[in-house]
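Comments concern the structure below.
By written order: A, B and C. Residues from 1 in each chain.
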C-alpha cells in the first residue's frame, strides 16, 4: 500500500486572542491526528491555545496572476485607513 | 551549512538583457527583494535548484538527529538529558518545516525521502562524523550549530517565501542550540582534567569538519553566482567560513582550548584570521560515501523508514475505514 | 493522618512510594527517548519526544521529593545515576524493551491508563507535596493517554498487519500489567494515611478503560492471568542492568565531576 499521508495546513490562535494564524503544515492520516500532530509540532514553545487544520488540497487560493486586479484597487482607497483623516488636536484622541 | 555544493543547471548567469520578458520580470522582482510565492511563475532551474537545496537542508536536519541522539540515553544528568532530547526533537521539527517548504515546489516528502534513501540526494558532510565522548555534544552545538546558524540567519532573507518563513521559525528555535552546546563546553573545559581533555579532543576532531561545512571555495563557481543572483544563497562559502573562524577563535580562547591549527593567527591587514584550509580530499571522500559514519547514518534512516511502513499504512487504513463508516452512517440517516 | 512522616516507618514507606513513582517515569522516559531519530514518521518522532520529556520532568519532581524525604542530601540526579539495579523500584513493565513501534505504543497505553488513575487519586493526597506534583503531572499524562489510546485503536483496527502486531504486543506485555496493582505493607501504610491510593483500588477503573480501548481496537485481552512481578521490591529483569549501564556511564566513570 504505502500511500503518503496527506498534507495539512495548520492555523494557531496564540495567547492574546488574535486571529488564527497560519504557522506551517504537516502530514497526518486524518483531521483528528493532524490536530494532535499540530499540538506536538507547532506548540512546543507554548505558542497556542486553539488549533485549526485544513487539508492543503481543500484550500482555494487566489491566482498569482490576479494579484494586480485583486489587490491594487485597494491601494487607491486610502480613506479606509484612519491616518487619512486629520483630526484637530483640540478634539483629543480618536 | 546544511546544503553544500548545490547545482543550479546553469552554465552561466544570464544578464537581464539576455532574458525573455518573463525571466526578466522574475529577476527584477528578486532584485527588488520581493518574495516569490509557490504558485507564481519561476524559472524551472530556480525551482529545481530550490528543491535540491531545501531537500538537502531538510535531510541534514533529520540525519543530524543521529549523532546527537547517540548520547541521549547516556546524558549525564536528568536536565542534560531533557535539554538534549528537546534539542534533537527540534532538529526533527526543522526537518519537517523544510520538507513542507520543499513540498510547495511540487515534490512530496516521501519522494524526497526516497531520494535520500537511495543515495541520490545528499545531506551535510558533518553528520558523517561520530560523536565519541560527551564533549562532542557540546562541540556539535557550539561549532556545528554555530556554522549552520551563520548561514541560516542570512537565509531568512532568501527570495522564496516558504523557505524564508521556515528559516525565520528555525532561527527563532535555533538560538538555544548553540548556547546549550557552549554551556556543555564550559562545564567540560572548566571541569576535571579528564573533562577538559574530552573537550580538547572534541575540538580537535570537529574543527576541520566544521570548516568543511561551508563547502569548498566557490568564488569562481557559476552555481554559486547563479544562486546568489536568485537570492537563495546570500554569501560565498569563503565569506561565511572566515566569519565563523573569527567568531569562534575568541570563544575557544575563553574556554582555554587550543584550535588544532598552528598557523592560525590574526591578520591585521584583512582584519580577520589567517587559518589552514581543511583537507578537501577528506571532504570529497565523505561526500562520496566514505566518511566514518556514512553507512551507519543511512542504514539508520532507511531502517526507521522501512520498519515504520506498517505503522504509517495502518493509520491510513484506519482513517479510510472511519471515513467509510461515517459516509455509510450518513446514507443510512437520510 | 499527618503522623505518617513523623515516624521512621512512615517516612520509609513514603520514600519507597516516591522511588517507585519516580523510577517508573525515569525508566519509561529513558526507553521512549531511545526512539528519538528512529520513529516511523517525523510527526511521531516529535510527539514521542514530548512524552519522554514530560516523563523526565516528572522524574525530577518525584525523585527530588524522594531525596528530600530521605533527608541525606541526595538529589534527583544522585538517585537516578548512583543507585544500582536492586535499589530501583520501577515495575517490570516499563523496562521491557521497545520492540517494534507497536510494542512501544502498547506499553505506553497500558502504563498511561494506570498512570492516569494513579495521578487522579494522588491529587487528593494528604501530603500536599505529592498532591502538587500529581496536579502538574496529570495534565501531561491525560494527553499521553489520549494519544496512546487513540493510536492503539487506530492500529488495532487498521490493516491486517497492524492488527497482528498490536495483538502480539498486547500478548507480550499483558502479564507485566498485574504488578501495577499488587500492594505491600508500604502501600497499605500510605493508603491508611491517605497519602496514596492502594494499588488494588486503581484496578476497576483501569480494567474498564483498557477493555473499552482494546474493544474498540478489535484486540482480544489475553486469557492468561499470570503476573510477572518483582520490580517494586528491586528484583528486576536482565534489561534494567543494561539500561543503567548506559544511563549511568558518565556519572560512574567520572565520579564527582559536574556536567
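The criterion applied here is as follows: a residue touches a chain if its C-beta (ideal position, glycine included) is under 8 Å from a C-beta of that chain, and two chains touch if they have at least 3 such contacts.
Just so you know, these numbers come straight off a predicted model, no measurement behind them.
Engineer: Determine, using the mean of C-alpha atoms as each chain's centre, which chain is farthest from chain C.
Structural biologist: If we average the C-alpha coordinates per chain, A ends up farthest from chain C.
Engineer: What are the two chains with the most C-beta pairs touching?
Structural biologist: Highest contact count belongs to chains B-C.
Engineer: With chain centres taken as the means of their Cα atoms, state the distance from chain A to chain B in Å.
Structural biologist: 28
Engineer: In whole angstrom, how far does the Cα centroid of chain A sit from the Cα centroid of chain C?
Structural biologist: 40
Engineer: Based only on mean CA positions, could you tell me how far chain B sits from chain C in angstrom?
Structural biologist: Whole-Å distance between the two chain centres: 36.
Engineer: When you check chain C against every other chain, which residues touch at least two of them?
Structural biologist: Where chain C meets two or more other chains at a single residue, that happens at 41-43, 46, 50, 154, 159.
Engineer: Note the residues in chain B that touch 2 or more other chains, in rising order.
Structural biologist: Within chain B, residues 89, 93, 96, 309, 312-313, 315-319 contact more than one other chain.
Engineer: Would you mind listing the residues of chain A that make contact with two or more other chains?
Structural biologist: 1, 5, 26-27, 29, 33, 41, 44
Engineer: In their shared complex, at which residues does chain A touch chain C?
Structural biologist: 1, 5, 26-29, 32-33, 36-37, 39-41, 44
Engineer: For the complex, which residues does chain B have touching chain A?
Structural biologist: Against chain A, the touching part of chain B is residues 37, 39-41, 89-90, 93, 96-97, 100, 103, 108-110, 165-166, 169, 173, 309, 312-313, 315-319, 322-323.
Engineer: Give every residue of chain C touching chain B within the complex, in rising order.
Structural biologist: Counting only chain C, the residues touching chain B are 26, 30, 33-34, 36-46, 49-50, 52-53, 56-57, 59-60, 63, 76-77, 80-81, 100-102, 151, 153-155, 157-159, 161-163, 165, 246-247, 249-251, 254, 256-259.
Engineer: For chain A, which residues count as touching chain B in their complex?
Structural biologist: By the definition above, chain A touches chain B via 1-5, 7, 23-27, 29-30, 33, 41, 44-45, 61, 63-64.
Engineer: For chain C, which residues count as touching chain A in their complex?
Structural biologist: Chain C residues touching chain A: 41-43, 46-47, 50, 143, 147, 150, 154, 159.
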